[in-house]
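Letters A, B, C and D mark the chains in the order given here, with residues in each chain numbered from 1 onward.
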Amino acid sequence: MRERIPVGVLGATGTVGQRFVSLLEDHPWFRVVAVAASSRSAGKPYWEASRWLQSRPLPSSVADLVVKEVGEPIEAPLVFSALSADVAGPVEEEMARDGRLVISNAGSHRMAPDVPLVIPEVNGDHLALLERQGWGKGGIVTNPNCSTIGIALALKPLLDAFGLRSFHAVTLQAVSGAGIPGVSSLEILDNVIPFIGGEEEKIEREAGKILGRLGSGGIQRAELRVSAQCNRVPVLDGHLASVSVELGEGSAPERDEIARALSEFRGVAQGLGLPSAPRHPIHVLTGEADPQPRRHRDLDGGMAVSVGRLRRCPILGWRFVLLSHNTVRGAAGGAILCGELAVARGHVAGVDASWPSAS
Amino acid sequence: MRERIPVGVLGATGTVGQRFVSLLEDHPWFRVVAVAASSRSAGKPYWEASRWLQSRPLPSSVADLVVKEVGEPIEAPLVFSALSADVAGPVEEEMARDGRLVISNAGSHRMAPDVPLVIPEVNGDHLALLERQGWGKGGIVTNPNCSTIGIALALKPLLDAFGLRSFHAVTLQAVSGAGIPGVSSLEILDNVIPFIGGEEEKIEREAGKILGRLGSGGIQRAELRVSAQCNRVPVLDGHLASVSVELGEGSAPERDEIARALSEFRGVAQGLGLPSAPRHPIHVLTGEADPQPRRHRDLDGGMAVSVGRLRRCPILGWRFVLLSHNTVRGAAGGAILCGELAVARGHVAGVDASWPSAS
Amino acid sequence: MRERIPVGVLGATGTVGQRFVSLLEDHPWFRVVAVAASSRSAGKPYWEASRWLQSRPLPSSVADLVVKEVGEPIEAPLVFSALSADVAGPVEEEMARDGRLVISNAGSHRMAPDVPLVIPEVNGDHLALLERQGWGKGGIVTNPNCSTIGIALALKPLLDAFGLRSFHAVTLQAVSGAGIPGVSSLEILDNVIPFIGGEEEKIEREAGKILGRLGSGGIQRAELRVSAQCNRVPVLDGHLASVSVELGEGSAPERDEIARALSEFRGVAQGLGLPSAPRHPIHVLTGEADPQPRRHRDLDGGMAVSVGRLRRCPILGWRFVLLSHNTVRGAAGGAILCGELAVARGHVAGVDASWPSAS
Amino acid sequence: MRERIPVGVLGATGTVGQRFVSLLEDHPWFRVVAVAASSRSAGKPYWEASRWLQSRPLPSSVADLVVKEVGEPIEAPLVFSALSADVAGPVEEEMARDGRLVISNAGSHRMAPDVPLVIPEVNGDHLALLERQGWGKGGIVTNPNCSTIGIALALKPLLDAFGLRSFHAVTLQAVSGAGIPGVSSLEILDNVIPFIGGEEEKIEREAGKILGRLGSGGIQRAELRVSAQCNRVPVLDGHLASVSVELGEGSAPERDEIARALSEFRGVAQGLGLPSAPRHPIHVLTGEADPQPRRHRDLDGGMAVSVGRLRRCPILGWRFVLLSHNTVRGAAGGAILCGELAVARGHVAGVDASWPSAS
């Protein structure tokens, strides 16, 4: 067996950073060799700097790593970033300039024209934008917003099969999306907060890019009308959404055709057998009250999205309930899957694209 | 001061029944003289039969009333019904035949053509349908579904000022709507249940009737396309909704005009100064994350609805967040307000319509 | 009617500070004329600086006060302090030196020998310690820890009637005790945190002082063995405790005698008819599952404590469940009651002790 | 590999029954061949009768079993019972008479003198009582109350090493202990219920039997003073307890000795390497706020208990926080471990005691 590929994690002590560390334990391709965080954590062993909050115990291989300060060089060709948007921008560019491939969960570069915004099953081909970034061996790949990922993943097969003119999504989002301290218990117990700063704009902005086509002039956004309304609910993990869609003009599928398009959908991640790829990207559930965050967020290790209650919408045509795990598929897990695809596509410096299949 | 009007409460031991009893304590016009419940409770004093769950203490004037069995005669001209839909139908008809005016919170008669489905501020004039019921002095008035009330109340001024072609509502509903035992804690803690049996149909069905016009041939439903998606969230009281609306063709109001139409809205309940009428039926809140169930459900004693985050919707035109207290305005309080209007309109047998103003 | 006594609130924007402002609205004796907070809030109008979180609306009389920076002089003879312990010490001393009577909710001065630690019904006479402070007209009075108040109040009648050798308390404390942001929702949803920094020590330390006797040499602590174990639970307001007590040697009361001692207990606050005094300091509840935070925390406006499930303890003798509202009786409300007693006892500079009765 | 031992599950559709089915999937020794429930479920396939609520998907091997009515013969030498106490008594006796070994989670037979009440690590030798039951090849073994199991397991090494005169436990129990519908969300959200019917008596009664010695005259109860106070908190799984203990007279261990006695404790379940035995029955945690239900309930698959905050108690000597998973170790998992021990000890009819080691 070959030596696993060394990777670094930026912003490693936060909620998403901890998910990265947890999911990368026992990863068949990757091995965490460096963790970086703010100056407050730098210099401490990771077990001390992170107040570990995951239910899986802290991996011993990472526990004793000394935390670097964000900005220090990382000796790894692949770097996962869980930095907050206010610091991610220049740090990630510096990493790219230094020859690292950065897979970022931050919002900073998502809308930059030459930065791919990737969900492997949906638009893995957008990775080709890396060629245009001009960082040499390095580059930046971004992972969409946690709510957008699930929605775009479920819309892709509908777009392909029936066309898609608009979608209307009302989200019920878990508190883990806000990190620690994030949402105060005094604000959310026995309550809903019908506002998440910047979230609606992200969904409305990112969906068109993800579902767009890569042409010679770059990404051509999908023409879509999008309305997103976001609520924070007292749930730990799992973003739920009530989604209505208007399919392409002239398209009039039956319920079964739509369900089949969703459940049979497979992407490049499945085709290549990437280690973090869910076997079924979209589970179509038939229980009358499904999906539910606590009961279905962990399907396929948290990497699948669930769709239920598919039925006609008197206004837009069809509607359904959508669930995705916001810190797995919607953050760390989704970014790791992007990293796997980047390896398989030969975008990681010094790593042979045939690596995985040879392992 | 005159003697207060004697009233009865059917289904008095449940969640909504307890709200009726609680809200009717110290009511300036009404006095609870009879409480009825299932055979399991009948014959016991009310304090024992109801496991009192309200935060206000059980009113001493009702505590010692012996619970009647539902179906026994009630010696009161006005009867509030919190019966469940599976038993309400024939019982309420029997009461009406017996000369009582029944204000019902049950779903049984809501869609009957000659039964008014009333929100006093919205369609108080529909009470005139009582003339067509043929029960003599008695009659049946219904209170809409708890989610529908808040939505229809907020839509009425929009319909009047700008016209209304469709609305799309995704609700986040409190557990008190399901009563006791209702939603098990094992189902809802750290969870959302994206389904409430029959609820979406009720909203889609009732809104058109409430917003309709009473003509010589009865109620003419408003022509509206309605899409409702309902979720149960771990909140005690207060139904929140993310609402998008399509206004009348050619109507292009500015944000301020819409906000003003909402906040300046008054109805017959305010005009007559009915005791349970909120001073402002609709509060337009300006906080970026308002309204919130725990913080705003009790505005105007739980009888007002709150609207916030009024902004454009890329698909339907306008959208906003709506909150109403589901067991006050959406159930017991709303029904009591209907009862007050019925008194003021002379629909309660043996009670002079001038009663209130003379008090 | 006389002009109400001007008072100031330090730390006015936090959770307890907001409670002070809310409870002082419409107070018959006091009128808030100054609010102070950290430099971040100073200079802003109070409505903007406080993100108002109480369910009662922000009092208009305070909304427009410009927030002072903590440390600036306060033009009021009586000042309530909701400062955090890390800044309260020198600030409160400066206020006292300046001739103000400070009623402090902070821990800073509680254990100082010449500072009274007061629950009016329990040890109102300890206010006489003010004479020894040497601040001239000013002085410092402290309010005990939020958990200690309820416990000491319930133990006082037992100590008086039967003697008390030890008590063992396990608390289940609400999140409002930690303020905002306080306890993160990601830590407490579907969870209990069995630790609250410093809390157990406070209960173990303060109870003996409060229940002690004031003699010529100062306070003589009550001889008590105390064991406290503190848990944080996902409850908004109301600290519950499972308490076991060992009564005085040779004392063998029946259950009824204990219940009577509790329910008939009255203190100087009731005797003087202070405006914030609950009519019954201790409610003895008979429901088999009472008291409960959500259902009983607001009894007597949140100023009464509730005791239930009084029964024998196989180890210590007797045990019961205790509830008190942590931000009302256990913080702002308790401090206001201390302020009222201080006025009535003539400890507030320039305010005639006969003021209240003359009002 | 040998054929796995067929087992049945009584009360298979409830919360604990579902845990049995979930934990027995892929069990190396056992295979579920029969499920029984009330007449309401009988005759339906299990997938339909159980509204499956576990987060692991319903095992396909059980999904299609037709549910038997409780009381019908079960063709399996070993039967796990999750029946409620009101029906378990005669049904389990009938099974025993029929030659089955019943491992019961119900309270019905726990205190019967010839019925072992077993925690394998604590008193596995009590299984020898089966010889005295007189059911021939069949018999009844009971699993203690969910709260008692964790407490007794943690106390056993203390009793062995230092003696134990009394313990005082205040529990904070999860809602899953009450099953479905169990605790209504309307009762427990933003609340604690300081009462669980019969629970305190069970802890006080069962501990002495479990920690007792089996002699020629049967079980001799441990001499212990026990005080238990039970609270229901809004937590899904995991019973937490604040425990104080009085060790044996003259015993004065240091903190480290106690911690070592706990963490090094091993029982017969570990010695025999039973498949469900946790490697460490007791985890001693050092985090200042540990253990916590959500973060530690799943240690060792939910079969270990966690102890934290070990420190002196001013009244009883020592105190600590204890956590155990109430539906795994405290119910289904604990019973399965008893079943494994019974097999290894040759108590299951027709199953060779050497079976497991030969597998």
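The rule is simple: contacts are C-beta pairs under 8 Å (C-beta built on N, C-alpha and C of every residue); 3 or more make two chains touch, one makes a residue touch a chain.
Note that the structure is a prediction, hence the values are computed from the model and not measured.
Among the remaining chains, those touching subunit A as well as subunit D are B, C. Two chain pairs are in question, C-D and B-D; the one with more C-beta pairs in contact is C-D. Rounded to whole angstrom, the centroid-to-centroid distance between subunit C and subunit D, based on C-alpha atoms, equals 43 Å. As a whole-number value, the distance joining the C-alpha centres of subunit B and subunit C reads 41 Å.
Averaged C-alpha coordinates put the centre of subunit B at 48 Å from the centre of subunit D. In subunit B, 53, 189-190, 234-236, 294-295 are the positions where the chain touches two or more neighbouring chains simultaneously. Only residues 15, 53, 175-176, 178-190, 234-236 of subunit C touch subunit A when the two sit together in their complex. Interface residues of subunit D facing subunit C in the complex, by the touch rule stated above, are 166, 168, 170, 172, 189-195, 204, 225-227, 229, 231, 233-236, 240, 242, 244, 288-295, 308-309, 313-316, 319, 321. Those residues of subunit B that touch subunit C in the complex are listed here as 53, 55, 189-190, 294-295, 298.
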